[in-house]
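Report on the following structure.
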Amino acid sequence: MRPALHAEWTKARTVAGPLWLLLGTIAATVALSAGAVSVARCPCGDMAEVSLIGVDLGQALVVILAVLVIAGEYGTGMIRTTLTAMPHRSTVLAAKAAVLTGIVAAAGTVAVLGSLLAGRLILPGHVQPLTDGPTLRTALAAILYLTLIALLGLGVATAVRDSATSIGTVLGLLYVFPVLSQTIGDQHWQRLLQRITPMPDHLGVTAAWAGAALLSGALLLHLRDA
Amino acid sequence: MSAFAHVVHAEWTKFRTVRGWVAGMVAAALLLVVFALLAGVSSDQKGAPPVPIGPDGGPVTDSFYFVHRPLTGDGAITASVPALKSSIPADPEHLRPGTVPWAKAGLIVKESTRPGARYAAIMVTGGHGVRMQDGYVHDTAGPAGVSARLLRLERSGDAITGYASADGAHWTKVGTVHLRGLGPTAQGGLFVASPPSVQGMGTSGSVSTAAFGNLRVQGHWAPGDWTGGQVGAESPGFAGYPANTSGAFTESGGRFTVTGAGDMAPAVRETLPTGGTLGEILTGTFAALIAVIVVAALSVTTEYRSGLVRVTLAAGPGRSRVLAAKAIVLGAVAFVAGLVGAAVAVPLGLHLAEANGVYVFPVTAATEVRVVLGVAALLATVSVLALSAGAVFRHSAGAVTTVVVAVVLPYILMAIPFMPASVSTWLARVTPGAAFAVLQTLVPYHQVASIYTPYEGYYPLAPWAGFAVLAGYAMGALAVAAVLLHRRDA
Amino acid sequence: MPCVRPCQIPGSSRVAAAATGPEPGAAYNLRHESNCELALSAPGIVVAGLRKRYGTVLALDGMSFSVRPGQVTGFVGPNGAGKSTTMRVILGLDAVEEGTALIGGLPYRGLRHPLHHVGSLLDAAAPHPGRSGRNHLLWLAHSQGLDVRRVDRVIEQAGLAPAARRKAGGYSLGMRQRLGIAAALLGDPPVVLLDEPFNGMDPDGIVWMRGLLRSLASEGRAVLVSSHLMGEMQHTADHLVVAGRGRAIADASVAELIAAASRGNGATLEDVYLRLTREAVEFRTGTSTEDRK
């Protein structure tokens, strides 16, 4: 596992893509959050959530990053080199997941702290500091959420193997579900849909999606020819 | 065939021979149908009280406190309304005095007390002066500038005429309306209505109390006492009275004090939240969009990846023509997918909604056709946008994400509850998400204070104007792609 | 004499060259060590009875051969004969329905740090276009617990030094081949497996490649090279496996093949190859049987 981790980490840091995508995630999250806080009417409720709305945008870049980690290799054919060097396929996937988790968690932390800071600067007194229990929980949930979305993207891309289709699938899941749960009239269905929608305040649901995606990805990686 | 037709033909052959792309477009059409099915079966309102329907067939809110007596044949009623005071909830338990601009107190002649029955009324309002209203949707302003507090309503046959006066000596005619098919006996009298008050991003029920004086009637009014009661207490559009209040009237010495809540107005989304819309039946548009975006982006980026683009450009050296041919083929396929999907989804969704007792805001056949064509045009235009993004980025991941985020994220942001209306309408004007206006079937009314945001189904731009915004983005992207295709090496 | 093909797969019509294997007709599985001790201890590559189907197409139909150390074994055959599939199976990338492919007695997927055991080049290296050749080798080295010194060593060896720090997206096919060779040599493996290494090479590159293959063999490594260039094989390979319709239709030394086929006419390897593949004849060491099917 150590060499596989080392290899995947070397892969991640020796191309420009991941770094730019992580910086993009931070910039997009903070920018949209700051924009939302500055226009939000009625700064009366919990503005911590408002100041983290940028996660909705940042997650899209996280999805690209996560999908390209493996679909990019299928695109160039490098996956065969990878699996020749590391024939234990689950180890490869686990190493990719570990590296991805690390870098997304790091970038996510910067993005979330930056968004909260922006919120505090724009609406002083309405966004509580991190020492406030609920704010800390919200912030941690957002970071975890971004990490889980990355794992979801990795799992889907491992199963689908094509970057565009994987990104379409994951973004569809992330963006169409909320739209759907808004438009469904029936309360019972609405609650059900909201329960299965990946969201920062549904970490368990998000984790289940990510786990299912990773599991099916791992299974297909094992069963299929490279 | 012209040379360009050959290029289009070649692109069509390329498209239809990749099974995954054809499958993606078929999936787009299926997603429209599947989501319509889901929306249709997900709601069950069997046994819910019926939605009152106005004289022109549209859903209405018809709940107010009515103090009435039957009037047979021609006649008139006059009264002064010296005071109209409204209260809105300060918290769930308590009320505070407030202004409800469309709180109404005045005189009315109504076919019957059945919700949805024809009427004509003259009234003073909380913030819009004297108005004469009829048929739920018609609203005429009374004399401006004078604080007219005396009102008069006359019936002559099916014609009802309203007057207003500040001093009782000089009367101004506000309007005459004809209530076609009004029987010889109608209900006439005093009424108070108090629509929900818009507070922030929501509404809360209000209650209003009016004092009436100088009540005089002429003509064949049934003898006996005035009867008070809430019209449409069970209507789905009636939010009820705030806590610890109820509708009532008292009479002492010719002065009446009437307390009421509700409204006489066309139903809007906020007052009829259980009502469905065509836009909801076509929620699958969002999912279909993503499928179309993936196929469109792939159709150009795979050429770069496999080097096929060099073959393509060698076979058809006019690079812009190749791009235009691709756009035509993809646009046409996406249009057909959207058309077929929506044309199946709409009747299916409507049928399922009806079977489940869900009231769907009615649309004319022309509007239905416009919505179906709009979805098809939306998919076609987005496919051109994604194609252009693919040609610009030459990378499917970037192209897909950019277009999905550009088109779908604005809609999600518009729908965030805390987003002020100004921001969400701005988003619905300038972003590619403006094109979701093609799904709009609801009409806002100036005389109904409500929340008219894209989230509620009200877009600031007309359907085709919103679509034009997206088309502008697509054409711009296509132009950029054409320029880059010329400048860059293949 | 080492065990060349010690285990016959049931259904194979061919006869083992040396009678060191078990009795013909008996069913054996190479995974049963007791039956195939020789195979397991043998260095090089032993491919036995590979059978694989892609949909309705039978890609491999009893492919069996072995690659001995100290030799360059050419792997030739028409397009679609199953060469690349066989190589992918050897490298554990593709699964087979039947048969085994062992390297030094072990299946590829059982190797820890496989690049120390087998170096391989499939299609040309497929590096990420945005990563430099050196960094491509660096992650591969890290995956095997190797360090950067080994990377610089193989960069020199593959003649990649001038381009090593450039992005691989700008490499020519020849340069990608050199990058792939560098990757194959990274773990200093006793077995080297190269798919079409001459593709895209300029004349200098072809000469270099020829020398490299010879020197790898002379160092005692087992070298398997697939190619369509018969002239090149005639000069470079010691032994030849000719694939046709998913099986090895000939498995013999180059000298024997030429001698047996030309019968003194001075035929080239190309002539032999064309005759073998056109008529789908089988030819192998120690037999002059030509089974016409």
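Read from first to last, the chains carry the letters A, B and C; within each, the first residue is number 1.
What we mean here is this: a contact is a pair of C-beta atoms (placed from the backbone, for glycine too) under 8 Å apart; a residue touches a chain by one contact, two chains touch by 3 or more.
The chain lineup, named per UniProt: A = ABC transporter permease; C = ATP-binding cassette domain-containing protein.
This structure is a prediction, so every number in the text was calculated from the model and none was measured.
**Student:** Any idea which chain sits dead centre by C-alpha averages?
**Tutor:** Central by C-alpha mean position: chain A.
**Student:** As a test of understanding: of all chains, whose mean C-alpha position lies farthest from that of chain B?
**Tutor:** Chain C.
**Student:** What pair of chains is linked by the largest number of C-beta pairs in contact?
**Tutor:** Here the largest contact count links A-B.
**Student:** Please work out the Cα centroid separation of chain B and chain C, and write it as a whole number of Å.
**Tutor:** Chain centroid spacing, chain B to chain C, equals 70 Å.
**Student:** State, to the nearest whole Å, the distance from the C-alpha centre of chain A (ABC transporter permease) to the C-alpha centre of chain C.
**Tutor:** So the centre of chain A (ABC transporter permease) lies 42 Å away from the centre of chain C.
**Student:** Any idea how many Å lie between the Cα centroids of chain A (ABC transporter permease) and chain B?
**Tutor:** Chain centres of chain A (ABC transporter permease) and chain B, defined by C-alpha means, are spaced 35 Å apart.
**Student:** By the touch rule stated above, which residues of chain A (ABC transporter permease) touch at least two different other chains?
**Tutor:** If we look for residues of chain A (ABC transporter permease) contacting two or more partner chains, we find 72.
**Student:** Give me the residues of chain B that touch two or more other chains.
**Tutor:** none
**Student:** Where in chain C do residues touch two or more other chains at once?
**Tutor:** none
**Student:** Name, in rising order, each residue of chain A (ABC transporter permease) that touches chain B in their complex.
**Tutor:** The contact residues of chain A (ABC transporter permease) facing chain B are 36, 39-42, 45, 50, 53, 56-57, 60-61, 63-64, 67-68, 71-72, 75, 162-165, 167-168, 171-172, 175-176, 178-180, 182-186, 189.
**Student:** For the complex, which residues does chain C have touching chain A (ABC transporter permease)?
**Tutor:** Touching chain A (ABC transporter permease) from chain C are residues 88, 91-95, 108-109, 111, 113-115, 120, 122-123, 125-132, 135-136, 138-140, 142-145, 183.
**Student:** Which bits of chain B are touching chain A (ABC transporter permease) when the two form their complex?
**Tutor:** 20, 35, 38-39, 42-45, 200-201, 274, 276, 279-280, 283, 286-287, 290-291, 293-294, 297-298, 301, 305, 358, 396-401, 404-405, 408-409, 411-413, 415-416, 418-420, 422-423, 455
**Student:** Could you pull out which chain A (ABC transporter permease) residues touch chain C in their complex?
**Tutor:** 2-4, 6-11, 14-17, 72-73, 76-78, 80-88, 225-226
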